[in-house]
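One chain, chain A, links the two complexes that follow: it is found with chain B in the first and with chain C in the second.
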Partner chain A sequence: MSEECLNHAETARTIGRGNGPFITGNTERTHDIDRLRSGHKVLAEYTFERKPVKRGYAGRILYVNLTDLEIREIPLTSDVKEKFTGGKGFGLKMTWDLMGPDTRWNDPENILALNSGPLNGTTQYSGMGKCLSTTVSPSTNIICDSNAGGYFAPYLKFSGFDSLILQGKAREDILVFIDGTAGKVTIETAPYEETNSHLLSEQLTYMYAAEDSESARQKVAVVSAGKGSENSYWGILNISFYDPRRRVTRMKQHGRGGLGTVFRDKKLKALVARIEGFNGMTNDPQDIDRITETGIKHNREIRDLDMHENNMRTVGTGNLVEIMDAYDLLPTENYRFGSFPKASRIYSTRFYKRFTQGIPDGCWYGCNIACSKAVDGFVLRTGPYKGERVTVDGPEYETIGGGANMSVWDVDWILEFNFYCDTYGLDTISTATAIAFYMEMYEYGILNKERCDGLELCFGNAEAVLEFLHRIASGDRSEFIQVASKGVRRMKDHLIAKGWGDPDLIENCGMEVKGLEYSEYVCKESLAQQGGYALASKGPQHDEAWLIFMDMVNNQIPTFKDKAEALHYFPIWRTWFAIVGLCKLPWNDIVPADNASTDEPAKIPEHVRNYAEIMSGILGREITPQDLMDQSERVYNWQRAMNVWMGKGRRKDDIPPYRSMGPVTEMEYLSRKDRYDNQLKELVGISPEELSSMSVADRIRVLREHRYEEYNKLVDAVYYRRGWTPNGVPSPKKMRELGFSDEKEMLEMLQKAIDDDDAAGLNVWGGSYGEGDEIPCDDPRYWE
Partner chain B sequence: MVETVKIIRFHAEKCRGHYDCEKACSQVQFGDDTGGDHSAIRIVKSNGGFSMVNCDQCGLCIDVCPVQALKRLPSGVVTVNKELCIGCMSCVAFCPVDGMRRAKGMVYPHKCISCGACVRACPEGALELVEVPISEVERVVYYHQGVCD
Partner chain C sequence: MTITVNRRPVEHVEGETVGDLLKRMKYSFPLVVVKIDGRVIAKSAFSSTPIEDGSSVDVIHLTSGG
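Let's look at the complex of A and B:
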């Protein structure tokens, strides 16, 4: 540990005595705003009529083409509103309308859509400020969707637009400024600003604030990426939220799948939205009492219960680290293990001491889950900002889990990793998961110092991790950096093509599905979570189906049918948040005191009713919990259908690597030998005598066959429950039931895919069913 | 440095439940005499008598407000700046004594500003405006919640 890192205060710093600002201790920066502004040339300007939001909708979509500098409005039709609701629903619909299925991430035709949603921008309930973004991912070549807080989505809507559609590619670095105060959109060159986010978002917040005041800076939102986004497939978008207490332009991140990579490929340096002001009526709720009373009730739950439940208000999502470690679910050394003797060094109690306490850390106004924790005055030890004191936003659970995965058991290095990933515009999840894979390959000698262009990427080498990030951001052209910065899938292909190792081992260890890296949970012992990950539309991310707790900790879904039902209900329910513009955490990271005694505690029925109340109160018509599911099921199926359209919506695309399902190596098997031996006896039916004569390699093989068989049966049950063919294609019948009877092109495309699958003999169950086995459905052509 | 603050003290034994205090308060807050949710001070029946629900100027709400619309004035009184308030009602939800209030149909909360209108309105002398040291009432708890190493 270096000298500087010992300088950090070891005790919690708090504010809370009223009026004054909090002193962060950060290095003070001054920006020559006049000089920066002097480089701006307005390339295109568009004036729009300022109109108030009506019952949650602005009623217009803003379309910007960066190639031909076209800016126009697309009216939001009632048909689109009815079928797609909002948020990523609009992004997917616009992408379907304006782009072809062969479009790749770096084609000018690729669409990057940033969306709000009808409930987005509400201040009276926690977690209502998410931006939902979609684009064609460089990692997966299908649509990736991601979401983050910050002020952009609400300000976009309050400026007059439900969604922003960006198409085309600029010739030089530009920014798009949506000025809700003047009713104007401009495309401006931005040559002199920094590219890295922590500086760029600060510069633009000060530049575009209507006046030099804390209040004015709070009315500006900046979206930015960074140098890492330019040079990798892990690009994210940072969304700013100016913190008036710290006087810091803070940021929330989204971009699993490479949103930031697409952003920089389009030569977008930033998006800026500015509004005049807003309050709890700006979203135009029909019944303010209904939403406010629901919000107060929920916020009181947070007040009274958070400290006894998850401690979100003091440590954020990092509270999960110790729980995951205790349940053998915390990924360590590239998911080989689920716990580690050193793990307590990165428990949330350690981060609690670093997070400044006492500041309302919501990333949107009125959110009292307030999980956006921050470390102030952090001294950087490496890279271009070495020696500076900065505010680090986070880390969240996934970033800390990423640290565990790389075997980095040090709070300071995790903070440093977090800071640089954010400012460079790199996804901490994909970056950590990929590095963990490279480290495992390094351990096996498949990679070495020479093959890594001088990086000693062994487990736990945090300095090498940071060096790797700095080399990506600097545009290093060496072969390893070029391949490694494109992620696990490309590295697998590279290692296999070079003949450096056993292809089977490489495929099994690299944690990706559809080309996207896994997020940070070990799911070897949770069949439901294996499905939750591998069946997720955009690739293995937990936001679609986080069933690990339900399956492993609470044991609420023991049978196939239970798991299939959970994999039907929860992905659809969780998708709902992405179509209305909300965060999921206030739904399940705080639960009512009597939740356990309800019929379906995993669904948190009271909170589902809250959301129906709020939506009814905003739209001005009665919405039931079932209506919420119907809204979401439409969009969920539409996204899967778009995967089919783009060539990746079949069973073959939903198969996980074995590392996510069971022990790949003998070391892993032996580390949990009793567990696996017992499973071979109890689940596979191997006698103790037979088992004792089997080698570890044989045991691994038999267990593996058993687990893939179980997995395929689960997929059969899920596809059937979802109304998809046995090869994973949403049937036209299902799409019609959902209300897409008029979408002829979509229905024809799906029918053709099913016919092709028929011709190839693919419309059959994946599991093998013997006598007495329950198959999902007796009718072999149930989807017709 | 703010050292003292005026707060309303309630003498339960004198209250006869006229609710004149609520009416006076709603005159200050809303310019009407409806009392009830238009009043910052509330008198509620309890145990055969009455008790008062009102802000004690502890200032917890200041730390909850995301836009710094709540401030302690030099007089020590905590007030809502409606120019800055965005109506999230976090202060209403988090107030431990229900002293931060919201009236039906209103975007913004309201609270006791220790003006003494209620004291003057009470015919029984059940209310009193007293000056106390800030240290006696101020509370800051939004750190160290439940976490131990």
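Let's look at the complex of A and C:
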């Protein structure tokens, strides 16, 4: 922190606070809490019996209908617990029960579910406070799930509820307050509070703290979105955690899929949870010693090894920037390239200097990885808060990678972009990926200044990007902002409908699948990761599978069968974190010293055993690593089945744009000419003589045919391995094996989808198999 | 004069150590497991372990990413 910033922080800390006007640790902005509170009218109130958590479960779901102002409890049955475990499993199940398949994101019937999970709220092991949320996404119109840290999910559970189900739409801006101490839920109008998150979460933290003390503020968690969420499809939910050392309400983000857009469409301004008197036993573990011992062992690893491994405690996930750049995986200029000469300007060493060090930075109690880095006393240069000092949470790798993708190589600018995306409630990933696409279209003249309503959106134009954000947040109605703020898919449709460019070029360059923008990794040289992205249930986010090293560098999964096995195991394993309420980073961003000598180091077997230990210790019955996989596989298949139900769970929905698979343009091909020429010779079998007579355009075409053929074979192998039909539908046989024999409606829906595909001739392999090629299975009706 | 690195042929360099090879291959990721002919090499021995001609070297980068 600079001397000036330190002085400021010092000044701010000395200023008294109260439930009247107060000055924040950063902004010197005064909030009149009494005036804000005077606008609150209680529209509905519900009192509930306070009950302790039993072996990781509260045993109840809280249902709130914002149209009817109905608040009620739904008991959690043992059948639902057994089959869906928790977290997003509960969100999916409740959505299936309470909503129809044609529900779109802005229908009142759409459900926004915020969920904890049976391990959530544990403090003896790192990373156990994640909130897992689900809704119908505006980008994809299927279920999107997203996870975030902060205190809301544990507080919801300790208040007495495993999940919060929000349905309907309010008529005016409201908030839902869950008072876990008093046993009361209220729906209140909230007309005067700010909408943007950094201010709103601060105002509500002070307003709802039981008293004027740092410890009371720590017991309040706020969920909010922002003006950007209102006016785009990239809305996020910010989940707060009060940081008493900085005296700042900090936030973690539910980034993907537009959850904040749904939140604001429901006229939700905020959710607030408050709970007193919780501790390391509140999750009611059956065997605390077992959990504590496992946690101590893991904490020792973090203490001794993190500085030699990923350095998460000092730079967070930003450590990946230099790695990705070195391996040609850092997206630059809309994924055209994977490295860039200026990239060192945004390496983690540059951010390290800005992050306030030496402060525990966990986003839930007990997390020793503590990767939630923050820059304090940052002075904003643009926008409505120009000149104010703020704390910037992050930036995480994806946000920095987004800067690279737009070709902006400036630490200060990335911090400002990060801050405004967060407070406006915009997903840094979708925003950056979409803008990078618009910039490429600008370069080709498909977009121009006039078509962008005065914005010069060329690569590297940092100021134009910030202006774009401010215009979204201000509710700008110009045609460009209206279309552009809805993301890559809508922009593709717009450009093609206007006849402004070659439709193939537009389709190939825009990085989305199912309507969701890609996250920030170049996967052109990893077939497995192309599948990892395009086959992911919610759309191309890397949280299901990150296989680039295993595939491209380690060469550990050379065959289609190997890749399919990885695309079976890792998505299922990674889904497990989302059903129990955990962060994945303590699993794979720190590894035990002897991990190298294990049979399958990529799975980090000791950490998998740790999780089985902890789950056994909490539930009070023996759970094996295989049990964890079984729990997760059920939910994974249920989500895919819901995609089928909502009309987006077939092979046609799993096809990536070519930019994610190989070079679209001649410039891209020529930038890695030796690599691609060699592949044409070695993989496609083109002789050097033939190659020398081929134009670059021909080389691109032949390589592209080869790669799509490979992709189709990969998809065949993956669908087969997962027990899905060749058109991607989970078979009723598979669902019964997973334990869903009684879910008749689901089984019938899937059977009908398969029958329809049969009638349309779609239950056939996608790849072309010649003599000697290994097809995934000889039985043409293997799924029956 | 070749070795294999992750089952791909790579030219052998006389006197090269594991540490040198990682630099040459631009393998800068910190979480790697190195095996020579199936034998795990401790990280502390990277700079002192030479790679013989014909060796089969595995440099396993452990899965990372968000």
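Annotations for the structure displayed:
Criterion: the second predicted complex is superposed on the first by the 756 of 784 C-alpha atoms of A that agree within 3 Å, B and C clash if a C-alpha of one lies under 4 Å from a C-alpha of the other, contacts with A are read in each partner's own complex, and residues count from 1 in each chain.
Convention: contacts are C-beta pairs under 8 Å (C-beta built on N, C-alpha and C of every residue); 3 or more make two chains touch, one makes a residue touch a chain.
As the structure is a prediction and not an experimental result, all values here were calculated from the model.
Of the two partner chains placed by the overlay, neither chain B nor chain C lies in contact with A:Arg247. Once the two complexes are overlaid on the shared chain, A:His308 sits against chain B and chain C alike. Looking at the shared chain after the overlay, A:His706 reaches neither chain B nor chain C.
Contact with chain C, but none with chain B, is seen for A:Val591 once the two complexes are overlaid on the shared chain. By the touch criterion stated above, A:Lys184 is placed in contact with neither chain B nor chain C.
By the document's definition of touching, of the two partners only chain C reaches A:Tyr327; chain B does not. Contacts of A:Trp546 after superposition on the shared chain: chain C is touched, whereas chain B is not.
By the touch criterion stated above, A:Ser519 is placed in contact with chain C alone, chain B being left untouched. Of the two partner chains placed by the overlay, only chain C lies in contact with A:Ile604; chain B stays clear of it.
For chain A, the partner with contacts to more residues, out of chain B and chain C, is B. Common to the chain B-facing and chain C-facing surfaces of chain A are residues 308.
The residues of chain A lying in touch with chain C in their complex are 308-310, 317, 320, 322-323, 326-327, 397-398, 519, 521, 542-543, 546-550, 553-556, 558, 570, 584, 588-589, 591, 595-597, 601-602, 604.
Residues of chain A that touch chain B in their complex: 12, 14-19, 123-124, 214-215, 218, 244-245, 278-281, 288-289, 292, 295-296, 298-300, 302-303, 306-308, 311, 313-315, 348-349, 352-353, 357-360, 362, 365-368. Chain C meets chain A in the complex at residues 6-8, 26-31, 33, 40, 43, 58-66. The part of chain B that touches chain A in the complex is made up of residues 59, 62-68, 71-72, 84-90, 92-94, 102, 104-108, 138, 140, 142-149.
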